[in-house]
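Going by the order they are written in, the chains are A, B, C, D and E; count residues from 1 in each one.
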Amino acid sequence: MDLVVINLIDGLFYGLLLFMLSSGLTLIFSMMGVLNFAHASFYMLGAYFAYQISMYLGFWMGLLIAPLIVGIAGAGVERYGLRRVHQYGHVPELIFTFGLALLIEELVKFFWGNNLMAYQEPEILKFALFSVGANAVPAYKVFMIFTSIAIFVGLLYVLTRTRVGMIIQAALSYPRTVEALGHNVPLVFMGVFGVGTALAGVAGVLAGPVLGTFPGMAFVLGSIVFVTIVIGGLGSLWGALAASLLLGWLTTFAASSSFQFADLLNFFGMTRPEDMSESYLRDLWSLTLPQIGPILPYILMVLILVFRPYGLFGKRDV
Amino acid sequence: MLEVNDLHAYYGKSHILQGVNIEIKEGEIVALLGRNGVGRSTTCKAVMGEVPPVGSVKFKGQEIAGKKAFEIANLGIGYVPENRDIFPGLTTRQNLILGLKPGQKDGAGRWSMQDMFNMFENLERRADVEASVLSGGEQQMLTMCRTLIGDPDLVMIDEPTEGLSPQMVQRVAELLQEIARRGIATLLVEQKLAIALDIAHRIYVMGHGKVVFEGTPEELKSRDDVRKEWLEV
Amino acid sequence: AENVKIAFIDPLSGPFATTGTNGLAEFQFAAEELVNKKGGVLGGTNFEVIGLDNKMDGKESLINLQVAIDQGVHYIVQGNSSGIAHALTEAVNKHNRRNPDSQVLFLNYSAVDPALTNEKCNFWHFRFDANADIKMDALTDVIVQNDAINKVYLIGQDYSFGKAVAAAAERDLGAKKNTVEIVGNELHPIGKVKDFTPYARKIVASGADAVITGNWGSDMVGLGKAIIEAGFKGPIYTYYAASNGITRTFGEAGAGTINLVGEGSINPSSSPEVDEYIAAFEAKYPDHDIAQPRIVNVIRMLAMAIDEAGTATDVAKVASALEGMEADNFWGGKIKMREQDHQAIQDVYVMQQTAGVKHTLDNSEFGLETVVKVENASADMPTTCEMERP
Amino acid sequence: MTDTYQKTATVTKAPVFSMAQVAPWVIAVIFLMVLPIAFGSNSAITIMNQMMITIVFALSYNMLLGQGGMLSFGHAVYMGVGGFFCMHLMNIVEANELPIPLPVLPIFGGLFGLGLATIVGSFSTRKAGTVFAMISLGIGELIAACSVIIVAFFGGEEGMPGDRTYFLPFFGTEFLRQIEVYYLIAFWTVLSALLMYLFSRTPVGRMANAVRDNPERAEFLGYSARWVRFFSFCGAGFFAGIAGGLFAINYEILTETNLSTTQSGIILLITFLGGVGFFFGPILGAIAFTLLQSVLSLQSEIWQLYLGALFLATVMFFPGGLAGVLMMHVPAARMGRLGWLVGPYLRTILPALIGIAGLAALMELLFHVRHSATGDTDMTLFWVTFDSHSILPWIVAIVATVGGIWLARQGAPKLRETWHRANTPGAAKTTGGAA
Amino acid sequence: MTVPALQLEGLRKSFGKTEIIRGVDLSIGRSERHAIIGPNGAGKSTLFNLITGRFPQTSGKVRLHGHDLAGMAPFEINRRGLSRSFQITNIFSNMTVFENVRCSLLWSQGYKYSFWNMVSRSRELTEGAMEILEQINLTSRAQLPAGVLSYAEQRALEIGITIAGGADVIMLDEPTAGMSHSETDYIVELIRKVTENKTLIMVEHDMGVVFGLADYISVLVYGEIIATGRPEEVRANPKVQEAYLGAALEAEH
């Protein structure tokens, strides 16, 4: 029982972390209509900048400044890179972000090297807030949970209470016409991209100490973020939230379950062969659910796309 | 209100506008006629800054050539593009809302959303469906309203009656006159000679990227040669 | 005379570059200090270590192998990932069979999959590291002696090495002290897990006294931190949880908790000569560590073998010289290259992350301190290797 | 404009392919024949083999991206699976001495690639766009993950080794030597390339373009967008499988990296680098990329940095890829005016190159100073060895960078202008156009 | 008269709650030119979409030469010899004008999904395509990307693509929209020519065109057909007068 409770909490934590990333991406994705492969890279930048800053000014300044820098960097990328590529169409845009991701990772290695960074959570939050059974729940994680909830509320306001959302949506198909109606589309694009990347930055700052700060951190999280927003439905903030939590809990429970596929095979009336090395199923016999945990999201996504191409909450096709 | 002097425009290498001169005054309806492909739409686009204009475009005495489209729009020029550009994924109402200038409240200008709905009850009926499914004609109405609601002082309307049923055409004609009555200048790009002759105060005829005739409807009626050479077969 | 070229085929770019570059540094340093400065081999021929970037990819490694052979290289060294080691022995074996005139030796300094010196063994492959089974043998010796440990949790990355570790642990513990209960035996996807907390929860919940894992790289850190954060108090027994930023990142939390099995004791060192060597290395490469002591033995034993064989180009002769060679282990004790499977037999140590040791890692105040030493670990371990010799 | 009419008309009258169409292929064949004579070393041949395999793979990828408008993030899977099956076949042949000659192996690879494509395509090609892209990503990740889980088939991370020499000798050759393998691969490369080219000229190939542009309209022309996509998808899978077979032959081992999404990403980059707009684009891409990877990575530790920069530059300035850049010159060439450009090019590109070299030098210097061992301060760059801690090399690098870029900028307007004139019919080449 | 080319029986369509087509019965004979007119939003295009399988109907039947088209996909219907144009231009904008037309010939000339014959080798295809281009006089623009054509040119191409397939039932949705008189007259001629002894169904707001071309006219108002008949009858019909034509006719002529 304790385990279930604690897993719920951990799942929530991981889910909301995903959400911090996917929320930014949903903004960008629904704006550019293109997969921003560099999104996770901005997340990584967030972590590294914060690490660097925290060494001189402490964690909290890092949390404050790093996302700003990342956001500005993002805006710059949009202004001087994407805007130019935008006219060529989606695939070039995608390649651009692809290359950007490559470049950012290399730059990070260039300046910080390949090693793990010893980026730590702030001392004041380095205690177990409470514990379920023998399991401790660090205060830091709780702090993260609340931050991401705050972000969600903020975004919801911007997208629903202002025209920005509509302008983005409209500009997706007829940017010129939207401009002709008097809206400064380029500025909106730049702003949104900046905000989106800044959000990724925040995620990086907060996740860095927990999930580790190393050059591969972007790649590890890279594609799962897309999976999240695709499952949630493009351009839908609620979708992003729902999907993030779904995946959070899915992976957590999968990892902590001890389900054996052998049981399944037995259930289908197969019997474990004596000499494993012979049977082609030998791997299935020894397979457990935690082993395939991380690919469950992909399976889920494929299924959803096949049966409901617009995701859980999406309106238009992804 | 609007003075276009020796305006040129290019698509890549092809020289589309070769020195266009147009002038429009307050509350005046000016029709821009011509065969397909002579560059009437391009003229509008050039004024709007959607295709880079070469030459001088003055609006309220201010040079606007080289300004950005949204700046021009915020100066008070409205543009109704020929192929409608209804924003998919947004409802009819939302499309109209986007017509409002940044920071502008509905009803602040000469037109409120309700006026629009009163004028075209189709739109009111379909107010909350996704606009991309509207019928051709409805889309045409929507584009026009979307621009008007932004309260421009000059509208350039590219083929407003296209795809409208005859009595809708009448309605549009009336609307145009109403627009003029409210002191808004209109540049009307039109195919249907009849209407142009009917409601325009002055008429320009374009051919090969130049203005080849300028005058009142009466003058044009009397000038068979122009009609023969530049308008009919 | 023409240098003896040694091709170092390991990742010099990409996620695993640190281990690669670190290893290259160690090789070049060892060649310089222990061979060239001492007059080289065959009376004056120097060693030259050429780094080739295999990008941690089998295909690239094979291309590198070709490149090396074309440059007249007769000795290749590799260590990162048993997968690539398998690809390389295969390739080397084929190459030597097909081109008797340009044969090469494969000196494996770190790939510990037992198979390489058992069913997959061949005459051209030599392993200088203690393989996974040997290390586990040593580890379990330590564990069974510790009465505080009655429940053990096995967790590792889901690939051959991870599985090998788990299997070995199960086997050895069962054989040595069947009262020790294995409360969990878990594999997790390699390099794919973002948040290790759920695994940590299970470990805590299982009430284990100790954890054994073969994890390395960021997986190791992720797992380790999660376990400690989740409130686990016991020791974590590992293979590769040191340097490359790992020691630094664990920091205080890792001290006393992270235990590591390996060959070559750094703290304390066996002799002042070793201390100098380490000091000199640290001075030359401030942001590298002596993370793979066996590398020194590779260089030294190769030199001896070449001298004994009297040739550096006829590698068959050199191989025969290496077979069964017995030498002083630079890190203390002896080291023997078993002829039946080309597996080096040497002392194995269990070390612990500790503050304030002489030779620290990652420029942090932490380093590894030997807790237990197992002499000539598993010298009598059986092998299934049937080697056909030319 | 009537001349275009003439052109197309003549094409139709020609009973066989016109000279213009056949020539490139003949040249290619001859080229491939003589190449090994120029570069005989095993490593050179190994790299060329790699190159050709990549070419087949990239071309097959472009069947999806360029012609079908289907963006796939999991194409490596089809090559990988094809290859793995070939590997198993190899081992079966070895085990029971089946009388099969090695050269036919790629066909089986193709068939297995095709098989997998048929299964996946049956549900993934229903829609194009992001849906397709993400499904391909999902499937890719799935199969990649299986490669470490289902050891029985994929051999875990040791991969699946084999030995090509146990096949039935083919006219006496047992493919012991690299060179023999080279010609085998070369044959298959040309053949597959030709077939893919022809495919793009068939009704399906043409409709693939139509569907790419406007699936709905295509439906009203009697074609089911879905089937058209499906067929191109299967085609792509088939040729990817062939590439896999060639890989199996060349390396005699397949590992899980062959299936990884990284591979899929790389092939996307390669194809784009070469240019998706033209059939031969991917070929250029494959050649360029393989060279960069194998040569650059020997020269510099931060080669991936350059690679990333290269890709950014390509999309930003040459969205048409290498092929696009080449084809830009065709009009001028038709008018026999390429000569005009030589001078301005020299005056712009040369300095630009110097500038870039300077920039690279700076990076290398920085990297060396940061990461090299204390004490060894001399580094070698562009075949000169010097002390990276002394001031001189820095000055040289900076001067080269700034100066080069400045000069390039000076030359640019002139180039632009000449370019414009060279491409406007009837324009005159003013004095000093070309050196 | 034998089986009608196209027959609608109690056809209904509703989107959500709103019913757009409210029971349409219509029978159009072979090689008859039939115009459908009606106010904006009456449901003309929707009717087209139902017939051509773009939308599924809510209820009712559509028969093409007597075959029930229920549940058929657009391409299947097209193969049965029905081809349509779109009100909002719908072409392959990245392909050349020539390619556009050639693609629309492929299926009808029996190439199907074949990947063994080369399109560029086939004389019929190329010449067929060129003929069409002549007809819609875009020959001079054959090698341009369709996207850069002016609006009217695109409309012409749209028609070209539609007729190319050689279907015997052709449906045109506002073919002359946005065209000046000269083009209009030209297109009308073109349509007349290419639909010789074929069945033509078109939606059009330009009364000149309608009364010039159509043998029969149906008036659709709010999803119902309020009148069908010969042009003069329809024009005389008072209901039609007030529901649709209004005063506009005089303006037109």
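The working rule: contacts are C-beta pairs under 8 Å (C-beta built on N, C-alpha and C of every residue); 3 or more make two chains touch, one makes a residue touch a chain.
Treat the numbers as computed from the prediction; the structure is a model and nothing was measured.
In terms of the stated touch criterion, subunit A and subunit B have no partners in common.
Following the contact convention of this document, no chain is adjacent to both subunit D and subunit E. Using mean Cα coordinates as chain centres, the one most removed from subunit D is B.
The chain with its Cα centre farthest from the Cα centre of subunit E is C. Distance from the subunit B centre to the subunit D centre is 49 Å, each centre being the mean of its Cα atoms.
Annotation: 29 Å between the Cα-based centres of subunit B and subunit E.
Averaged C-alpha coordinates give centres for subunit B and subunit C that are 77 Å from one another. Of all residues in subunit E, none touches 2 or more other chains. Listed for subunit A are residues 113, 291-292, 294-295, each touching two or more other chains. Contacting chain pairs in the structure are A-B, A-C, A-D, B-E, C-D, D-E.
Touching subunit A in their complex are the following residues of subunit D: 65, 71, 73, 123, 126-127, 129-131, 133-135, 137-139, 141-142, 145, 149-153, 261, 265, 268-269, 272, 276, 302, 304-305, 307-312, 314-316, 319, 363, 366-367, 371. For subunit B in complex with subunit E, the residues that touch the partner chain are 11, 34-37, 41, 82-84, 122, 126, 129, 133-141, 159, 162-170, 191, 193-195, 198, 231-233. Remark: subunit E residues 52, 73-75, 78-79, 83-84, 86, 90-95, 98-99, 102-104, 106-108, 111-123, 125-127, 130, 139-143, 161, 165 touch subunit D in the complex.
Residues 48, 50, 68-70, 73-74, 79, 81, 85, 87-90, 94-95, 97-99, 101-102, 146-147, 150 of subunit B touch subunit A in their complex.
Subunit E meets subunit B in the complex at residues 15, 37-46, 87-89, 148, 150-153, 174, 177-183, 185-186, 205, 207, 244-249, 251-252.
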